[in-house]
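Here chain A shows up in two complexes: once beside chain B, once beside chain C.
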Partner chain A sequence: MSETQDRIQEEAKKALEIGEVTLVIGWGAGSVPFKTTPVFIDKPEDVEKLVWNPACANNLAVYLPKLARDRKVGVVAKPCDIRSIITLIREKQIKRENVFVIGLGCAGVIDATDLEGANVRLRDVTSLEWTDDGLKVTTESGAVTVPPAGCLRDQCLVCDKRTPAISDVTLGEAVGRLEGLSIDIPGLSEDRKAYWAEQFSRCIRCYACRQVCPGCYCESCFCDRVEPKWTAKKATADEAWMFHATRAMHLAGRCIGCGECERVCPVGIPVVELARELNAIAKERYGFDPGDADEEKPLLGSYTEGDLDPAHHSE
Partner chain B sequence: MAEQTTTLEAATEESASEPREWQPSILAILCNWCSYAGADLAGSTRLHYPETVRIVRVPCSGRADPMFVLKGFQKGFDGVMVLGCHPGDCHYAKGNYYARRRIALTQDLLKLLGIPPERFHFEWVSASEGNRFAALIKEFTEQVKALGPFEGVAR
Partner chain C sequence: MAHIRKAILTPRITVNRAAMTDKLISKNDIGDFLKALSAKYTVVAPMERGDAPAEFAELAPGDQPVLDGSKPMMTPKDYLLPRYEVLVKIDTSEGATKVETPLPEGKPRVMLGVWLPDAQAIRVLDRVFLERNFVDPYYARRRENLIVVAVIPAEMRWSWFCGSVDDVEEWKRNVDAVMYDLGESFYFEPVSEKGAALVEDAFFADPSESDTARKNELWEQFKKTGLLPFAGKPLYENLAWDDPIWDEIAAKCIGCGLCSYMCPSCSCFDIQDETRGACVERYRCRDTCQFEDFTLMGAGHNPRSQQVPRSRQRLLHKFRYQHEQFGVVGCTGCGRCVELCPVNVDIRDVLTRTCSKEMEHKAEI
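Showing the complex of A and B:
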């Protein structure tokens, strides 16, 4: 891991020194080892702030539409972040020539709350490292190895895209898909309507899910509009339903399933689920994968004459 | 004047003794060139169809934003319909092809959210299909009526 981190710093330094880019977006150390935070490096001497460890969660593609609008920006990106970059290029929010992608092979990102289940006191953690058996968590009182299923975020459990689809430099090692694991959302299969009503009743409308989402790049979001008022500001389940349902629809053909929305949700709503399921349907029906660099047009900005006809579908 | 009052009283009494059967309210989003003209034809040929439907005219079924459908349900409509020109007949050549994908996914999203699929209907109706329009409204009204009032999106 630390070797990859050194290489990231090297590449970032080189790119800044030769003037390839004027800014590198990466992860920096947070207050504790299992939390990292985005850092924006514009001086070669600052590259030491860049870190890489199993807790580098943020999808940094979210900053590109604003920061790479009229200049070339370097970005350190996991395979899923790169899939976001691909959607942004396809939808003409950024130009390929304006991003310098430092792509990483990925073994998955950890969910710190899972570690609590493994009797690890998070504040005691001094280092995190992938080994052949799983995540080696070192604390002041010793080291434990947690198997991937016990520490990875849901979407990483089932991820089969562990190498960068596009990149200018590729670093680090990828780990193959974990077999036999699936995402299990308790209660969802019973009564979907009641399930979502309960979930949305907790939504406080902070819009953190929207803010971290590279797919939510609109400068003016429907939910901020007063006229027409698509959704009122009040935090009721009804209004939250309108927000989340619309957001899921807006992410059709756009959500690459990085799960950032879910990670940042302060009330623990499985926000990514609707968009994830919708895109799974789109993939099966139209063969469309948002993160595939070979898809030329957006899902809803294209059609074929043989598309499934909903007029006869429901009957 | 007195006679009129009597009639009104009689009418009031009648409706009080026989409560009117519950009727669903249905939001219908219609393309201007085909389906709205079809609805117009149904009207001008004096065809009877249930008064359950509230029509919103859009320039093209391609303008039928999924948000219109979601908002309709959120606002408490018991059923929502989207009608457009038959594939190949779009006034703007391909608007209904875009609508087709979008509406198919809207239908999927409603299912994912647990909204009964019978409360949503998508159909192609041309300007000459006044009879078909009336029949569709009748059929969909019956379908929604059988489900009863919609209890709301997040309940």
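Showing the complex of A and C:
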């Protein structure tokens, strides 16, 4: 892992020194060992701030529409983050030539709160590292190894795209998909209306899910509009439903399933389930995969006469 | 409403702690204790909601709240200052205009299982909603007969830094009672007469010397938790308007409202009118300085149109403006923003850094 980290720093340094880019976005050490924080490196001597460890959760593509608008920017990216970058390029939010992708093979990122379930006191953690057996958690009183299934984020458990789809430099090793695991999606069960009503009743409308989403780059979101008022500001289940359902539809065939929305939700709403289901429909009906670098046009911008229209054809 | 203000904000220095006796209650008796309490009070306590944080709710018979402070929880603010509250209803459908102001009941309430930093945050909310020649009647109705029982859990949360922002001994004097989780039982320490009145002889016993020793040990642990380099320093003097740290935070901040919506003491709100047919509902909901439209004026001007001043505002408001206005620290070190910020902007780091460096440019604010 640290070897990959060294390589990231080297590549970033090189890119800055030769003027390939004027800025590299990556992860830096977090305030605690089980978190990282986005860092913006614009001097070759600062590349030492860049880290690569099992807590590199943030999808840094979220910063690109603003930062790579008029200049070339380097970004350190996991395979899922790269799928976001592909989407942003396809949707003409950034130009391919304006982004220098330092792509990483990935073993998945962790959910630190899971470690508490594995009897790790978070305050004692000093470092995290992937080993062949799982996540090695070093604490002040020794080290324990937590199996991947006990600490990976849900979307990482079932992820089968662990190598970069596009990149300018590829570093690190991918770890294959964990066999025999699937995500239970209660939100698609028979009584899903009751399920989502309960979930949305907790929504506090902080919009962390929207703000952290690389797909939510609209300069003016429908739910911030006062006139017409699509959804009211009050935090009720109905209004939250309007917000989340509309956001999900806006992300249909666009969400690449990085799960950032779910990670940041302070009240534990499984937001990504909605987009995951809509993407499954997009795949089934139109064979469209938003993270696929070969797709030239966005799903909703690529109508052909042969497209299935469930409203008019029985399936 | 003036009497309410007086009752709540009068310092409790007149209380004679010696006259109150500490008690012990077995966790086995908590169910019966809650039942007995419910006969006299509306009991409000954190209720678990699956994997989500527990949320303060009025208990129904048989409810099993989280009283030991061991779980992540939403703030007491969500009960005292609901995320959605109707202030006025106007109905003109039948000719005459009917105006209704649905004030909450001023019934006696007891709030249990409140983290001590959250209990102190209620005191911060009190300053905003009960002082300065205006008493917010909605808040006051829930607050006026509220007994607050704080909890010191068996295990302190890793993100707490209470002792670094304020004098926690003082905080303890501001609640009605404190419960300490001793494992099989709670050590019950009344602080006010109202707190002492909660004791029911049927469920409470006298603590042994070792119980008291364990309670004291827990308190010492709480006091030591999260003591950082800025502990005891005058934070309000060290946060400067033109500190470059605001640029650094703003660069990574994604501009969500999580930190302030999950904060127990952030109190900003919006008021909106919603018209349906001949009816208008005026309601209050959350708002935050982190949103771009928070300061957007009707004519289009926005004094905080960029993230940098928004990031600065959050910290300066908590540590400087509230100190100047009310003499309180607007942050109680509960650690929610530390744990939950999507980009790991850690308020503890910000305070550490602003306090440790030479402030050469302490500009006037």
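Following the convention adopted for this analysis, the second predicted complex is superposed on the first by the 306 of 315 C-alpha atoms of A that agree within 3 Å, B and C clash if a C-alpha of one lies under 4 Å from a C-alpha of the other, contacts with A are read in each partner's own complex, and residues count from 1 in each chain.
What we mean here is this: a contact is a pair of C-beta atoms (placed from the backbone, for glycine too) under 8 Å apart; a residue touches a chain by one contact, two chains touch by 3 or more.
Because the structure is a prediction, the values reported are computed rather than measured.
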Partner chain(s) touched by A:A293 [first = chain B, second = chain C, both, neither]:
neither
Would you check which partner chain A:I166 touches, where first means chain B only, second means chain C only, and both and neither mean what they say?
neither
Contacts for A:L308 in the overlay, against chain B (first) and chain C (second): which applies, first, second, both or neither?
first
Partner chain(s) touched by A:V264 [first = chain B, second = chain C, both, neither]:
second
On the A-aligned overlay, A:F40 touches which partner chain: chain B = first, chain C = second, or both, or neither?
second
Check whether A:C221 is in contact with chain B, with chain C, with both or with neither, and answer first, second, both or neither.
neither
Chain B and chain C footprints on chain A, overlapping residues
236
Which chain A residues qualify as touching chain C in the complex?
30-32, 35-40, 58, 62, 121-123, 202, 204-208, 210-212, 224, 232-236, 260, 263-264, 266-269
Interface with chain A, chain C side, in the complex: residues 49-53, 55, 74, 83-84, 155, 158, 251-252, 254-258, 261-262, 270, 272, 274, 283, 285-288, 291, 293, 336, 338, 340, 342-346, 348-349
Which residues of chain B touch chain A in their complex?
66-67, 70-71, 74, 87, 94, 97-98, 100-109, 111-115, 117, 120-124, 152-155
Help me check something: in the complex, which residues belonging to chain A touch chain B?
191-197, 200-201, 222, 230, 236-242, 245-246, 248-249, 252, 274, 277-278, 281-282, 285-286, 299-303, 305, 307-311, 313-314
